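Next come two complexes built around chain A: one with chain B, the other with chain C.
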Partner chain A sequence: MVGYIVKRFFASLLTMFVLITITFFLMHSIPGGPFSPAEERKVPASVLQKMEEKFGLHEPLHVQYVNYLKNLLQGDLGFSFKQLDVSVNELIAQGFPISAKVGLIAIGLALLIGILLGIVSAIKRGKWADWTAMIFATIGISIPNFVLTVLLMFFFCVMFKLLPTYGLTSWKHYILPVIGLSFGPIAYIARLMRSSMLEVMRQDFILTARAKGVPEYRVIFKHALKNAIIPIVTYLGPLVAAMLTGSFIVERVFSIPGIGRDFVSGIGDRDYSVILGLTVFFGVFIIVMNFIVDILYAIIDKRVKIEE
Partner chain B sequence: MKKRIGHLFVTILTVTSLVACSSGAPSGTETKQESGGETAKVEQKIIYALPKEPEQMDPTLNTYSRSSTVLQNLFRGLYKIDESGKKAVPALAESHEIDATGTKYTFKLKKDVKWSDGKPITAQDFEYSFKRVLNPEVGSGAAFYLYYIKNGLAYNQGKAKAEDVGVKAVDETTLEVTLESPTPFFIELLCVTAYYPVRKDVVEGKDGWTKSPETYITSGPFMLTELKPKEKYVLKKNPNYVEASKVKLDTLEIVFIESSEAELAAYSNGEINVSDSVGKEAMTQFQSTPEFVSVPRIGTYYFDFNASRKPFDDPKVRKAFSMAINREQIVSNILQSVEKPAFGMVPYGIPHATQAGKDFREVVGNQFQENTEEAKKLLADAGYPDGKGIPEIVLIVMADQADKDVAQAMQNMWKENLGVNVTIQTFESKVYWDEIEQGNFSIARDGWTGDYPDPMTNLDLFEGVNTGDDIRWSSAEYDRLLKENREISDQAKRMDNYVKAEKILMDEMAVMPLHFLEDQYLVKPNVKGVLKNYIGHTIFEYAHVE
Partner chain C sequence: MHSALNKNGDIVVPRESSLVWHDIPDEEFEKLDQSAKQSEVVLRKSKSYWQDAWSRFRKDPLAMAGLVVIVVITLAAIFGPIFSSYSYEDQNIANQNQSPSLEHWFGTDKFGRDIFVRTLYGARISLTIGFVAAGINLVIGVIYGGISGYFGGKIDMIMMRFVDILYGVPDLLYIILLMMFLGNTLESILIALSLTYWIGTARMVRSQVITLKFQEYTLAAKAIGSSNLRILFKHLIPNSMGPIIVTVTFLVPSAIFSEAFLSFLGIGIQVPMASWGTLVNDAIPSLFTQPYQMLFPAIAISITMFALNFIGDGLRDALDPRLKK
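Entry: the complex of A and B
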């Protein structure tokens, strides 16, 4: 177990290093820079040059790269080029808890409803409940996030004026963003759960349990569920990583001050330190999540041996 | 089944559009009734949305227009733009005197001008701030605004010392500013945030003074009381502001809503009182209601011709292209806007210096006309009858839907009216200006908003020193007229020179103006006195809630 963790740790470090290096050079290869002339504001070239010097952008690329790695080792992600006195560390410290809070609620909702829908449609296979759940799931998978969130906002905020449109100041503010975030995952989990459940229900041990006279609800929730849930756990790693780090669309539409939209706007602004800082942060986060999921396998399914 | 879904969809659409249309009106009457029947005091609070947090909260470093909007509510300098949004009037200064040469200004500060923490604002604060903007070590992007001051440019480039800069505090309340040359618009220039004061002990006291309300000391109508990154800034009335007795608003909440659709929803839902980012949808929905306001700003949307590349090295071709489009149609049908088509470069909103109450544009009128027949003739004269034999023409625009629509409309008009094929290329904004600098274009979308209400702010773009990396056009006579206008203070002569210069620009059609810029905003009927100044900043100093 310890050997496995150590091995994983070094593999992760290498992954991070490759990730940072690729991102760094790719990012600099996009034409334009943080201080290229902005729209309709003609700041003199000499001033732009001075700004570049201030941020060390006049140095050759490999020097900038080494400098970045040095600072990174000290935990310093640098200052944003766009918001001139905000550091990337601050940006993450402020934004991540907000994104994570909305994300956690959405994950909870997605798991609860997704698993329930999956079980129901597996048990009632071919009946109307199954059909309803699966139609819902298909819609959930096929409606893009940006359409859904705008529709939600249109119906609940503009038409019926029931819910607020921006910010996160009361419980009401959470409703639409959470629905927007969890809709897709609910659908995915429901389908995954259904097929996994159907497969497990065909297994011999279920037949044995039924033959023993175990009540149906115990067969489902004790015997079948435990085995059917493993694919969901696999999906949980990337899901948690994606949900906690925020969604560009949901955060943009509902004006949530999380970190989900910083990455995309960072690329638009050529805000190098924000792009790199968030890449590092997301990278570490995804690696850690996948690692936790691997450990979880072993706990849920005793047959999985971690040393393998 | 398919058919039924289709029906359902149509029904939903009709219902929603009906609701959408009617939602604006009833909410308006409701609020009116409330304010009429209720005599109790209404809360003096306005919620206003900006797309994003301001980039820079230190006025001496700021060059961004969004940041300026926030800073213009927090800070005041020697002069400010008045309630009409058009004229500079004393703010912290009481008066000024100009010497005979027109280069030396002596400002007297008002008595009892104070910072938001109650300490007096002194002439020394102004001296410190002006020099801070120019200090090469500070590296402020706004330094160029202060190049008018004697040795400003030299100090900023490390060729002169701080003591040589033409700004001196004679005593606590007297400030002397010496300029490089007489600058008749210097007083208006003082309304730009780069000329606003910051205090030495505040700026140098603690790292990141702009990041917490406790250390953020201001000189204007409001002060910062709450700062939630990316969420909102809460501003309260500054009791120490020199004109605090006239400020009626207690609270100004600036919230950040990135997408304009979401902002429209928030406005329709009554969550914000003033909305700035008015998209096409908001425009069609509110255009005919009293909630919709459109005011000119001193800017122009225009296109660059690359005068170093065939066929636009020939003024006849440039003129033909400019005369062969229909601006009115582009503005009202494609952009669905209420802005005015442009037949000159100096926008509305810039006063004519000798004809009181009139804009330069109104006095001067149009500098050219659209005329398809004439355009065809010009093109034939240039050697391209019916567009035959014309070299490849590339029109570049930014990846913005409105810009692309305009480009396509013009492409059609040129095809139809001149028989010329134009290729459109789009670029992301970060790369776009590089393309122009490299000269990889025949026609390029461009635009400019000035800083002060004098035609110079819109015309100096086309002086030879500035056109090298965009339109690559220059005219010795044009340069001479503008140079002269920097040195003289006879306003009649100056206006005359501007008319001549603009005529040269439009006769040669160095650039092709499309329309003058206007700022649109939505404001709830019970909110009064919200001001957009000529640069496009939204000012709440004079606002109140009824």
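Entry: the complex of A and C
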């Protein structure tokens, strides 16, 4: 077990390093310097030189790379090229709590509803409840999240004028962004849970429990659920990733001041240092989450064969 | 044969009393009716794996509906713009922001461009991206996963570590970075998708090849001196084609989704070209005033995703019945 954790730990570190390296060199090899904007604004050579010195861009690339790694180790993600004196750390400090709040609510909702739907459709297999849940799940998997988010906005904000369109000031503001983020994952979890539940319900120990006269609700919630829920743990990593990419859409459409929106506006403004910094942040965040999930899974499911 | 060898290798002669068939006198035998043989004859032609799969697929109404929808959308995307009097890039300020009418079935956008034609053009681009990206990923994934799984050992370990490293980070982050680097063209989207999506296919192919390479027919092929590459590409890959096709089918909607997502973020296809993603994205500012501009491309993309997912589900059940829920 300890060997497995150590091994996974170093694998994660290596993944982080590769991600940071790829991101750094891609962002620094994009044609056109960060201070040569498309609008043909003439910048005096001396100003350009000063600015390049400020950001350390006058150094050779490998020196910049080493400096970047050194700063990263101290948790410094650098400054924005476009926004005056705004560091990526500040953007994260401001935006991340907001994104995390919406994301956590969405994760909670996705797990709760997805698991419930999966259980219901597994125990009512072939009945109308199963059909309804699975049609819902197919819709959730098929409709892209940005289409769904825009449609939600259209129906609830434009047509019926029930909910606010932008910002994040009252509980009403959370409803649509959270639905937009969690709809796809709910569908995925429901399908996963259904097939896992059906698999478990076929096992002998369920028959034994029923034969002993254990009430049906206890068979389902105590005996079956405990085993059926294990595959859901493997989805937690992708779930966090889905929240992250979903936030690019949802925060943009609903004007939520989170880091997803910062990332998207960074793309729009070609603010390479912000894109670099946020990609590294997102990447490291997800790699850490995957690491935790892997360990969790090995602890929960003793049957997972850990190769030595 | 009325004698046999026992486990010590001695010849065992059965006792006199036991009746052996050649002890029965000939007249005791009776000729069977020849028609009894008929029951042994195979009347129907035996079905190949693919015919069997097709007959299963045909019985799945959702999958067939999906197939029909995709064929119709593909034909409309290829031939539709030819028969329309509008072009996807012609601007007409006099006609801007018109609601859907007989003249313009889906209305016009803020430059007076016909949204129906633009949606059909979007279908061309989105479907091209979906199928070409899936095709490229099929080739890369099969070669990479096949080599890794078949040769095993050190090669496998190195190749799979590399895949594991890439696997840890969401595709979309890589794709966004690559798009920033490559610029907004159709080719760069295809390159970006090709560089990331093959990972899942490669893993799947590898596990298939590993299970198949210990089968007898692989041993037989080796025994008659087939080369490694021949065994891999003539025997192992064709035998794992079912699961491979299923994986690749699901890649088509993912690729279409990724392109639309990129376009939605403003780093996909560039104007005046349009994909479904850019059409939805362009319509957001006018969502409150001209919602139809967003509605039609959004419906088009959703229906396509539905159809492709149904086809994928149907193919999975048809090609790999063991996986059937």
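To be clear about the criterion, the second predicted complex is superposed on the first by the 260 of 308 C-alpha atoms of A that agree within 3 Å, B and C clash if a C-alpha of one lies under 4 Å from a C-alpha of the other, contacts with A are read in each partner's own complex, and residues count from 1 in each chain.
Operating definition for what follows: a contact is a pair of C-beta atoms (placed from the backbone, for glycine too) under 8 Å apart; a residue touches a chain by one contact, two chains touch by 3 or more.
Everything numeric here is computed off the predicted structure, so don't read it as measured data.
Novice: So in the superposed three-chain picture, is A:I286 touching just chain B, just chain C, both, or none of them (first/second/both/neither)?
Specialist: Second partner only.
Novice: Is A:F254 touching the first partner chain B, the second partner chain C, both, or neither of them?
Specialist: first
Novice: What is the contact status of A:N67 with respect to chain B (first) and chain C (second): first, second, both, or neither?
Specialist: neither
Novice: Could you look at A:S46 and tell me whether it touches chain B, chain C, both or neither (first, second, both, neither)?
Specialist: In the superposition, A:S46 contacts chain B only.
Novice: Could you say whether A:T21 touches chain B, chain C, both of them, or neither, answering first, second, both or neither?
Specialist: Neither chain B nor chain C is touched by A:T21.
Novice: Regarding the shared-chain residue A:I143, is it in contact with chain B (first), chain C (second), both, or neither?
Specialist: second
Novice: Between chain B (first) and chain C (second), which, if any, makes contact with A:T208: first, second, both or neither?
Specialist: Neither partner.
Novice: In the overlay, answer first, second, both or neither for which of chain B and chain C A:G268 touches.
Specialist: So A:G268 meets both chain B and chain C here.
Novice: Indicate the residue numbers of chain A shared between its chain B interface and its chain C interface, in ascending order.
Specialist: 30, 150, 153-154, 158, 252-253, 268, 270
Novice: Mind listing the chain B positions that touch chain A in their complex?
Specialist: 16, 19-20, 23, 49, 53, 55-58, 61, 63-65, 136, 139, 141, 143-144, 157, 208, 210-211, 228-232, 255-259, 261-262, 265-266, 268-271, 299, 398, 428-431, 433-434, 437, 447-449, 461
Novice: Within the complex, which stretch of chain A touches chain C?
Specialist: Of all residues in chain A, those touching chain C are 11-12, 14-15, 18-19, 22-23, 26-27, 29-30, 138-139, 141-144, 146-147, 150-151, 153-154, 158, 194-195, 198, 241, 244-245, 248-249, 252-253, 264, 267-268, 270, 272, 275, 279, 282-283, 286-287, 290.
Novice: Would you tell me which residues of chain A are touching chain B in their complex?
Specialist: Touching chain B: residues 30-33, 36-44, 46-48, 50-51, 53-54, 82-86, 90-91, 94-95, 150, 153-154, 157-159, 161, 164-168, 252-255, 257, 261, 268-270 of chain A.
Novice: What residues of chain C sit close enough to touch chain A in their complex?
Specialist: Residue positions touching the partner: 161, 164-166, 168-170, 172-174, 176-178, 180-181, 253, 257, 260-261, 264-267, 277, 280, 284, 287-288, 291, 294-295, 298, 301-302, 305-306, 309-310, 325.
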